[in-house]
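Each chain gets a letter, A, B, C and D, in the order it is written, and its residues are counted from 1.
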Amino acid sequence: MKNIHKSFPGVRALQAVDFTLCEGEIHALMGENGAGKSTLIKVLTGVYSKDSGDIFLKGHDKAVAIHSPQDAQNLGISTVYQEITLCPNLSVAENMFIGRTKGFGQNWKKMNAEADRILKSLDIPAKATQQLGSCSLAVQQMIAIGRAVDMDCKVLILDEPTSSLDEGEVEKLFKLMRDLKAKGVGIIFVTHFLDQVYEVCDKITVLRDGQLVGEYEIENLPRVQLVSKMLGKELDDMSDIKSEQSTYKDSDNNAPVFEAAGLCSDAGIKLFDFYIKKGEVNGFTGLLGSGRSECVRAIFGADRITGGTVKKNGKTVKITKPIDAMKNGIAYLPEDRKRDGIVGDLSVRDNIILALQVMQGFFKPISKAQAYKYADEYIKLLSIKTASADTPIKSLSGGNQQKVLIGRWLLTHPEYLILDEPTRGIDVGTKIDIQKLVLKLASEGMSVTFISSETDEMLRTCSRLVVMRDRKVVGELSGEDLTQNKIMSTIAGGDK
Amino acid sequence: MKDMKTKFSVKNIFRNQIFIPIAAMLLLLIFNLILDPSFFKVTLGYNSAGNPVLSGYLITILDSGSELAILAIGMTLVTAATGGQDISVGATAAIAGSVILRVLCGGNSRPEHMQAPIIVAFLVAVLASMLCGAFNGILVAYFKIQPMVATLILYTAGRSIAAWINNNELPVISDESFSYFGGFIPGICIPTPFLIALLCIIVTVLVMKFTTLGLYTQAVGINEHSSKLNGLNPIFIKFITFVILGVCVAVVGLIKVSRISTINYSVIAKDIEMDAILAVALGGNALGGGKFNMTASIIGAYVIQCLTTTLYKFNVQSDALPAYKAVVVILLVVSSAPTVRAWFTKTWAGITAKNVKEVG
Amino acid sequence: ACGNSSDSASTDTANDAATTDDAATADTTATDDAAAADDSASSGDLIKVGIINNDPNESGYRTANDKSMKEMFTAENGYEASFAYSLKNDEQITAAQKFIQDGVDYLLLSAADVSGWDSVLQDVADAGVRVILFDRTIDADESLYEASIVSDMAKEGETAVTWLKDQGLDEYNIIHLQGVMGSAAQVGRSGALDEAVKNDGWKLVTQQTAEWNAEKAQQIVQSVIDSGEKFNVIYAESDDMAKGAVAALDKANISHGVGKDVVVMGFDCNKWALEELLNQNWNYDGQCNPFQATYIDEVIKTIEGGGEVAEKTIIMDEKGFDATTITQDDVDSYGI
Amino acid sequence: MQKSKFSLKNLTDTNLLLMITIVVFFVMYIAAMIFLKAGFLKPQTFFNILNANASLIIVSCGMSLVMITGGIDISVGGVVALVSMCCAVYLDFHNGSVFGAVLIALAIGLGFGIVQGFLVAYLDIQPFIVSLAGMFFARGMTTIVNTNPFNVSNEQFVAAKNTRVIIPGLGTMNKLGKYVDAYVEIGVVVALIIVVLFFCLLRWTKLGRSFYAVGGNQQSALMLGINVKRTKFISHLLCSLMAGIGGFVYFLHVGSGSASHAMGMEMNAIASSIIGGTMLTGGVGNIIGTFFGVLSLSTIQNIVSSVGLDQAWWTGITIAAMLCLFLVVQSVVIARKKR
């Protein structure tokens, strides 16, 4: 790709970007949120039309014209996009094959058999005839990958495929990638996990603010440098965080702010007890689908509560709807940003004030001037990258959307903040910012629940971990016990 | 440099949603101006009751477009919150009108005097059509039936219900004061329907300003899940938009029956739902819900009336009129379609760039 | 024996059920017919009539018409009546098919459209059902029905136009408001006027269909007023439309009625319209007699008695009323 | 029965809705046979439902297709009226042939399809507005072509119109003791062929599946490599084409041209599709369901007219009430399944 330009109204997403991918290499595309990685990929696959620039492909002497994903597929480029882009109303098998096979007729038998073969080879727990919408997020992601790999492709593009996968599945994916590499397939890999980059990649291209920073061999670019290249500045050491964390001293005479007893919801979570103290950061950990999200959703009243009580400062409060929880000072950042978080077409400003507005009530609208003030405040505080406060939130990059949502909840000045996977799909710099923010908030007296798939992160921020398995709370770790091994063994059920 | 600036502002105007209906309106007016300037003549005369009244095509547009404008308000809200449209408004207007006559006549189809004050009759009608709205709202919000289908029920039954309310009689009100709502109030030379529409618009503006209805409906329309997690109650908000539309419908019912002091169940407010939806769309609002611009919808309503009046003026056969209307509508929406506009802006940019080059 | 090929092609589950249903139906057909015969005998020899009418809330005329039919075809008078209402021709045709299957003895029909009836009536004849048309004629062979008791819309038009001619106005600038195009009433009433316009050099300021709709009529007349064109006659093919037109006139302070600027003509003789005549606000109202029920009854009685119907087409007796001569008695006896 | 209950959760939305429709239709029809007797026991009643609704079936097939793709087309009623008027004028005033009339019908359908499809698919204009304009245009054009309704007397046409497909063995005795054969019109045959074709199209072809994909999630379908624009275009094209064919079948059934033909047919088509389990939001639907949807809707109407309600308003109210009941049941079942 040469000299690619792309701009959206108000944003120059890509400026003069060059990118080269060789046969049989795994090439990482790195950059902070909103750097333009996804945009570059979408230009390459014809989802967006480029403003200028050319794309060259081996075996074609002229620049190739790619106007639609279909063209890209025909040229042997197969892609897994950042947000899962499958059709929820079709069956798993259809999702794997639609749009990429030749011919007029649809042979269900053959297709299902083929799909079952792929599912089996990738160990995906789904049936070919199942409706896709009934699969979990991770399974859908694996299906998308399965589809992309099965294509007889020369170029494979993976845009943050690992953000909703657990470690075992990531390993599977890596093995797959190495196999393909051996077959001479060029792979573009986008992720925010530095470990993963160093595990599989050969080369790294770094983007910043829509501009090319450079292309590097993996050996020549140590982690610290990569990060500074991405951010354009040196990153403070992560050890900072740890030292800050130690400021929290758990004293037993501290009564819990919030307490739940025998809580359960119709989403299928078993009865559980829970408490959190003032200024404490705790976390839920467990494998994918172990019910971490369901726990916090129950506390927030997001699912229908079927039993149990919640106490605030020792007094029982009735929480059946989110608004009850909000009025009691609870804030909840959901894990599925696109579905549960953002209100796509509304401006950043409206998205920031939404929760506060709802709490204030129907007859007390926040004035426009006030709304701008709030918006500007949080855009600055969280350094949100947006053209203006009036930009629709859906045109922000994923990471920046997440920050807007955090801003939304901070604006309500909650006593208890629940963050469900706040760092998913977020670049290293921001991740650390968020972790720091969490600790800062905690030190100011806010209670925080922090959920993340990355154990490192949890260890860094949390002072107490609740371990879950099969939608049950199976253990609680704190203090000395907070080590990687201990967590793993508790999750695996080794202890009990 | 100066060129750049103008270009930028031109672009901005193009991008503004409200530009579409205003441009359409201007085009229609210019068309009329060229073909026959008498279109703009407004005269002050006296009606048969000796009251001063304004008349002329423009006044006719304001007068007859009022019902549509009032409906457009409610329809915009319903569209925004539910991503669907209410096709029962015509039938519900028949119900409202029937209720008004029923209360006024008290069961006797040709009373000497009105049996109840008009305001009472109107309030009962408001209640009735709010009930109809609530019925639609429950089906849509609670049972999650798609709006167009849910409202198909009242669309089918509405006119029958209207007939049933008055036991199939066609009551006639001979009292002068009842005709004020569809005509002129003594001493005021502006058609009352327009005044009523104005009142509705003012109320809407106030509601928009002093409540968060706008934000809530948009949020619910765009993303129901996240609205819910932000403490909103999507079911209630969808429901309430239908009830609000119900109020608008009752007002329309009043104007309609007042215009002719009687009712005809099968033709009163016939096909008005399609025009109301068209008004919302001509205002550049997405019929799939989400963001809306109320002003644009209201202007859209008057655009439609302007078009109808223009066509009548040129003596187009009234049953062939839809064909011409269709052509104009298609031209309007095509020229405001994003892809077409993008193309226009591009060529426009090309032209100006070329000009700049030539000059420089 | 499963004649419905659609079912066998459709789904597996549906197939079995369909087959058994149809088979069952075929088996029971014979016994059922016998049962049906028993039925009619046991219910005291009521004559089964299926009445297809237009929607009664279409207009005052229709309401009166429907009411009179309901009053006539009751069990006391020896009838068992089923009603079907629609303003749509195809729904009416479907209703007719249904009545055939229900085994009515007589089909009474007031068709929405003049066209499209011949093949259905053929079916009706095949089934041994007799047809009597009321109110509106249709475009079909005379042999297909027993009798037709209708208003002569053309004559109504002629009466009205003759009256208009007799007024001896200096010039005739007419706004012509038509009913739904193609309905018998519209065709008849427009025909007479068109003829006169052609022969007498009258001027049609505008000729539009307002589809029996007062509101539309109001808009059309409003548009003419706004254009400033001169007119002195409003020929509205129904009272409703005349009312709408008058509303527009009132707004613009154009006087109307006896001795005033504009002559207002309507049809149907609604009571309220005749009152307008009495108050000299309108000038003329043509009658359209909705009370065909007694005539129909007579025809049926004749046929049942084995007699021959003397006249196939019975034209309703109808008048036209002039505002200068109308009396309260007229209003009471002819108003509907 | 038990098996279906057991697998309720595994059924796709499409199949579940289809099942409800079929069950409700049979329950309703059998109930009518038991309680109303009268005509419902005669097979011809059923065939009359088919005869009267052949065009609606065809039009609804097209409508379902568009709805599955996530669009809507409310111009179909207008197109049907325009087709019958144009064919009538052509046959009677220009002494045309039936074959020519068929061509006219197809051409009108194609014309509407191409224009509407282009506007919706390639210019991204909302389908509701496009087809609303289409409806206005078709209705207006119909009266421009010819204002007054009239019967077609063209002999060739009348022969075609009176052609009946006799169904042996299901006839009944009439009042006069004469045996009358049960029959369907050729329109019904056309309709059944189209139902089968559409079923195959949607089920067994790539194109058919891409309609579902586009309706399910347009953005995703695009990224899965489906030509979304073309798919949408084809769906609208086919829908209007069906309106054209349906128009001719309608014309064949009534044998006349009139501006008031097929008034409100679009609503009936939409209602039938919905009753048959097609979702207005796209991605879910089934042609067999649509077929039964049409039958259910007209059976409801037939039942209402058979019950012999004495006041005109009951007709509208009862039909609406039954529609309401149906929709609520559907919605409750779907909601329970989701749980």
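One rule holds in what follows: a residue touches a chain if its C-beta (ideal position, glycine included) is under 8 Å from a C-beta of that chain, and two chains touch if they have at least 3 such contacts.
If you want to know which protein each chain is, UniProt gives these names: A = Sugar ABC transporter ATP-binding protein; B = ABC transporter permease; D = Sugar ABC transporter permease YjfF.
Treat the numbers as computed from the prediction; the structure is a model and nothing was measured.
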Compared with subunit A, which chain's mean CA position is the farthest off?
C
When C-D and A-D are ranked by contacting C-beta pairs, first place goes to C-D
Between subunit C and subunit D, the Cα-mean centres are separated in Å by 29
Please work out the Cα centroid separation of subunit A and subunit C, and write it as a whole number of Å.
69
Would you mind pulling out the distance in Å between where the CA atoms of subunit A average out and where those of subunit D do?
46
For subunit B paired with subunit D, centre-to-centre distance based on mean C-alpha positions, whole Å
31
Where in subunit B do residues touch at least two different other chains?
159, 163, 168, 317, 319
Note the residues in subunit A that touch 2 or more other chains, in rising order.
none
For subunit C, residues that touch 2 or more chains besides their own:
55-57, 66, 181
Let me know each pair of chains that touch one another.
A-B, A-D, B-C, B-D, C-D
Sites on subunit B touched by subunit C in the complex:
38, 45-49, 53, 55-57, 60, 64, 110, 159, 162-163, 168-170, 172, 179, 182-184, 256, 259-262, 264-268, 270, 308-309, 312-313, 315, 317-319
If we count contacts the way the header does, which residues on subunit D are in touch with subunit B in the complex?
72, 119, 122-126, 128-130, 132-137, 139-141, 143-144, 147, 259, 267, 270-271, 274, 279-281, 311-317, 319-321, 323-324, 327-328, 330-332, 334-335
Complex contact set, residues of subunit D against subunit C:
18-19, 22, 26, 29-30, 33, 37-48, 50-52, 143, 147-151, 161-162, 167-170, 172-176, 178, 180, 182, 192, 195-196, 250, 253-264, 288, 291-292, 298, 301-302, 305-306, 308-310, 312-313, 315
Partner subunit A, residues of subunit D touching it in the complex:
12-13, 203-210, 212-213, 215-217, 219-227, 283-284, 339
Touching subunit D in the complex: which residues of subunit A?
45, 47, 68-70, 72-73, 79, 81, 85-91, 94-95, 98-101, 103-106, 131, 266
